[in-house]
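Take a look at the structure below.
As written, the chains take the letters A, B, C and D, and residue 1 is the first residue of each chain.
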Amino acid sequence: MIEVDIGVGKQARVGYNLRDITILPSRRTRDISDVDISWQLEGYNFNFPIITSPMDSLMSPDTAVCFGSFGGLGVLDLEGLWVRHKNLADIFEQISVMTPDQASEKIKQLYLEPVKEELIVEAIETIAAANQVACGAVSPKNVASMTKIAVDAGLDILFIHGLVVSAEHLSSSANPLDLSSFVRKLDIPVILGGCASYQSALHLMRTGASAVSVGVGPGSTSRSGDYLGIDIPQATAIADVVGARTRHLEETGFYVQVIAEGGMRTGGDIAKAIACGADAVMSGSLFSRAKESPCKNFYFGSSLQHDDIPRGVLSEVKNDLSLREIIFGPVARNDGRSNLTGVLKRSMAMCGAQNVRELQKAELVVNMSKPPTY
Amino acid sequence: MIEVDIGVGKQARVGYNLRDITILPSRRTRDISDVDISWQLEGYNFNFPIITSPMDSLMSPDTAVCFGSFGGLGVLDLEGLWVRHKNLADIFEQISVMTPDQASEKIKQLYLEPVKEELIVEAIETIAAANQVACGAVSPKNVASMTKIAVDAGLDILFIHGLVVSAEHLSSSANPLDLSSFVRKLDIPVILGGCASYQSALHLMRTGASAVSVGVGPGSTSRSGDYLGIDIPQATAIADVVGARTRHLEETGFYVQVIAEGGMRTGGDIAKAIACGADAVMSGSLFSRAKESPCKNFYFGSSLQHDDIPRGVLSEVKNDLSLREIIFGPVARNDGRSNLTGVLKRSMAMCGAQNVRELQKAELVVNMSKPPTY
Amino acid sequence: MIEVDIGVGKQARVGYNLRDITILPSRRTRDISDVDISWQLEGYNFNFPIITSPMDSLMSPDTAVCFGSFGGLGVLDLEGLWVRHKNLADIFEQISVMTPDQASEKIKQLYLEPVKEELIVEAIETIAAANQVACGAVSPKNVASMTKIAVDAGLDILFIHGLVVSAEHLSSSANPLDLSSFVRKLDIPVILGGCASYQSALHLMRTGASAVSVGVGPGSTSRSGDYLGIDIPQATAIADVVGARTRHLEETGFYVQVIAEGGMRTGGDIAKAIACGADAVMSGSLFSRAKESPCKNFYFGSSLQHDDIPRGVLSEVKNDLSLREIIFGPVARNDGRSNLTGVLKRSMAMCGAQNVRELQKAELVVNMSKPPTY
Amino acid sequence: MIEVDIGVGKQARVGYNLRDITILPSRRTRDISDVDISWQLEGYNFNFPIITSPMDSLMSPDTAVCFGSFGGLGVLDLEGLWVRHKNLADIFEQISVMTPDQASEKIKQLYLEPVKEELIVEAIETIAAANQVACGAVSPKNVASMTKIAVDAGLDILFIHGLVVSAEHLSSSANPLDLSSFVRKLDIPVILGGCASYQSALHLMRTGASAVSVGVGPGSTSRSGDYLGIDIPQATAIADVVGARTRHLEETGFYVQVIAEGGMRTGGDIAKAIACGADAVMSGSLFSRAKESPCKNFYFGSSLQHDDIPRGVLSEVKNDLSLREIIFGPVARNDGRSNLTGVLKRSMAMCGAQNVRELQKAELVVNMSKPPTY
């Protein structure tokens, strides 16, 4: 690791974002038709290694089913608005025509309604009934109380999710969840995250999680850098966690999936995240333009709700492409944000990579050029 | 320290700004309710480690009392307009409706009026009468003549303040103040600064100062880089001074407080400054939007007055939040510039830091990415 | 090579673009009249080392003749629109007055028409009849089937061309072309590319190619970085391929020409590319403003046609200079994009370089300065 | 020197611009009244180390006298418009009201008029008659033929000036001037430049020049980077030439003055150039706003005239300050571009530097931060 001196009394490591790197084509190329981009998480098979972020504006039970039907993994926020309001689709329709400020205010109010168990059950059953993989996100704080309901309702994969999730939470008042014993007792696979460093990831892996999500701050709606001073460059975060995975594999023989969460702005960034060593990526913004989005014109995550320390913003979007177009093309806009699977395959073909595991071994080049001015 | 060759005949060190770094969350997290952000300077206790800059547009005797009542430390400029004009509040009301050019011109005229001893006494007594800590800033040039009056009036903490303050000022005409013997003879704690390097800070510490302020040029109204070629990257300046503090501690057993002065643009920057090793931060711009500001619509410091070599500018501001909102929230604007104490606590909780001293040990990442273009 | 750690689990090399470097004048200068910028490829002599990209909007059989008559090498796309449509000049006239979106759509339709053998023959014969060097570009996929026709029609130089061309293409279904035996059997010189790394280039050189073109993504109409995550910094790509050329020369005694393809935005960039070690450059954008361009107002390459994974865009241009002015001046616009040969000569004179081979040895300086803000 | 690999086949050094560095205040400060900024060149004494560039739009015989009367050194272009046109002041008055394009065209025509010996004589005599130091710039090509006239007319200092001047010019047709014997035979001091590297400067110094000017491309009207690929980062160029000066001093015992030419945009940059080791700076742009400028509203140098390879542009300016204000203040605009001598003194006072030679030893910090975005 490259350490630099900030000054006499402090050192730091150098970190890189996905936009700072590029994949170097290898001396072999490959037929695009021979490229395999499928992904497996424990028993579950997916057609492509792209997961949607658990954001209420994107993922309703219905859009999770739709995304799953294409072969991807959609994640529902089990503490989000879909499990707080029965008639959310109608409310979102009203919000769609508001100004951003009005919408933001209204959405914060919606979060004041408590989570309802019956809506959790209903949401999971909707996904299960459609024969799709039901994956739900819960914060560490509530995971102990909410998991049983969700699992009983048919949850297939549990995502214990927060801006920063650690294996060792310290509290003087409450008795913090022992993640390790909790995860090991569960019968379903667990994804844990976010995290952004070797040590954090290693300890999350040691809880027995099937996958770890990497990313603190890189998402397009996140403002954690400005607000909290915490915004880890995503390429470095991925590569650090991949390093932890290797060590964990050496120690235990168990290969933990690494999911790059946030910071992918184009299809090219998906390829870069995998070339850093990720097995799959999780994105909200790449799907924010979907016509299927339940909250038209707006894109936001649950971090919008925090009134004391906002860490996220509401963005305006134009819902101009179907999920199918985003995932499989054809390309309608010339912006690198549609036909994501085709783009990934093409990138792999140019590197001679037959599958995701081979793309993980691609060579990288760091390019810190200033933008062109002429 | 990383030295680079500028060319065959000159070397330089590499420096970093707060915006170039980010805090890396540790493998532990902590309950936000367990986080302690209090700060002590000699006998004085403060609820949070944030000090206001001695700028006339922000700190009147009244706003110093108000800021103190929340548990912070407000610093009055003892050579500023509040001790030159008895009716400054009225004058500021007139200035509030001027154009920036008119305001700038008018303010420069106000500085032509000499400092009045009785106004110094009155200002300090106002703060003391409200049972708040009275802290005042004086330039090295005037500190010998003005200190006795201020101390007699009840000054609690003396801030010997300039763009660059050195322990060894050379003069062929005057007999420069021997800072070391002056500080040691005083009965009240002294803050000395600004400085921006290991050697400067070490010599300031050896005068017996209780605290040293770090920062030459990073403030938002400062133009010392363009005008003087002197604008030290603040993260490096802090870390260098922290290095000097460690050496001074080893040599003397005395822990000098390091106060990061200027360059904090959001709450996240406060956390970063502390993670570089500072004990507290001093900011003007973070409070420039306060509704309590005595000079509405404008923000400026005393550097505005210098006609031959201006080093500062007057900025227009919108006074849209109360001091309480800025310090304690709730968050009204989504810009990382309100609820500063909540933000600091949250950042520390994510790093598992129980108090400021633990945040000082957080790991840092340098990130020189170009801004995103897609 | 400078390797940096992206993180624990991944390393990368550092790469530079042409805009990141500058040529350092040597301690000798030279009369501009003594500077020789001629270039040779196998038996063919050219007045200057600048080749046009095989883009339909620039290179028709007629403009290839025109460019050749000035002493340069124009390359025709042998799978492009000029060999699909007999009346393309008329169609381009209609397109010239369309909106960019209409034009883009229309051009994509034009690519649906199949390539016609008789038009290939006709195009090559047009160039040959004008006594110019006929050079045509074919993709690796079609080179086996199309080359005989072209060679029989009088093709002088074959450019086997793609975004990334490798010496070892892997396919489970088709039997990929063995480039090595194909190239060695041909009686005419072959240019192979693009490529962007030492290993790729070395293997291309080992096929017996006369020249290798370097550049994956740097062209002004390319979007391969955003779409595919592949956009190799051009100065580094050139220098790597030049390194491979040296090794190949040591191994075989044969000097393979290195052609820098794309990323030249001004005449200064041509000099920089050669100073990185290239023998010649290939550019489309530098000629996009030519009055002789067959498709007025628009500039595009064949990558525009790909509907599933677009890697290129259509740009609007103003056709304001003749090819002669672009190549030989006089300078009409103050933008560094005319009198390209004069500029190259002047740059070489300032470095004391008598010919291209001497400019290749010029010293370079990397300059990563942020743009000036004051 | 820090060498980086551009790629396998090419290395480069890292270079820095003045805007990339900042001066670090030392542990001593000094009274501004004790700071001495005078500068000596051979027998001549100047009040401040700032020279004007030989640009026709700035330096007429009259403005050279005016600048000299303040204690500076103004340089006249002895091949410029003032020695081609007797009535240039009138012509410039007409140009002042033209559009930039008209002005540019008109000025190029003016350069077609040949240089007139009687105007050279008249110009030098005007300066000498006013008891100011007469310094004139001549290109290497014409220096042999023009110098005698100028010296006979009373020229005090000869500036042999070009974008790049080398001690060894190679020519097959002409017999290039042997700079070394030419300079040694002259009875007046010679300034030679520009140059931008250790080797070039060392060879220029060995000709016996009194001073060497450093700078290839940094000037605000220069476009040599875009046009020629040659634009040397000025801080590195200065430091390299300063290194050559040290070696030359060791070899010969003679201290050659180093003049930083171009790239100073504010007073702070003057201090930075000296802190890199320069003895004096030469600037055009800092004086382009002078009310005394003979060509109101426009700013240009002789490089504008080259029709085949333009290397310079004409800029529009607002002539809003007198030369006196620019040099001595008071400050009228808050942009760091007036009171240049006061600014330099203040900067030196903050570094404890008593004179220019002490400022040359100041510590530097490199700061490559991206611009603030929040």
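FYI, a residue touches a chain if its C-beta (ideal position, glycine included) is under 8 Å from a C-beta of that chain, and two chains touch if they have at least 3 such contacts.
What you see is a predicted model, and the numbers here were worked out from it, not measured in a lab.
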Classification of the chain B:chain D interface as same or different, half of numbers criterion: different
Most remote chain, CA-based centroid, reference being chain C: B
Rotation in the CA alignment of chain A with chain B, degrees, nearest 5: 90
Averaged-CA centre spacing for the pair chain C and chain A, given as whole angstrom: 40
Separation of mean Cα positions, chain D and chain A [Å, integer]: 56
Chain A: positions in contact with at least two other chains: 14-16, 226, 236, 266, 335-336, 368-370, 374
In contact (per the touch rule at the top): chain pairs: A-B, A-C, B-D, C-D
In the complex with chain B, residue positions of chain D that touch it: 1-2, 14-16, 21-31, 33-34, 198, 235-246, 266-272, 275-277, 329-331, 334-336, 339, 342-343, 346-347, 350-352, 354, 363-370, 372-374
Contact footprint of chain B on chain A as seen in their complex: 4-17, 19-20, 163-174, 176, 195-197, 199-200, 202-203, 216-217, 223-233, 236, 265-266, 307-310, 313, 335-336, 368-371
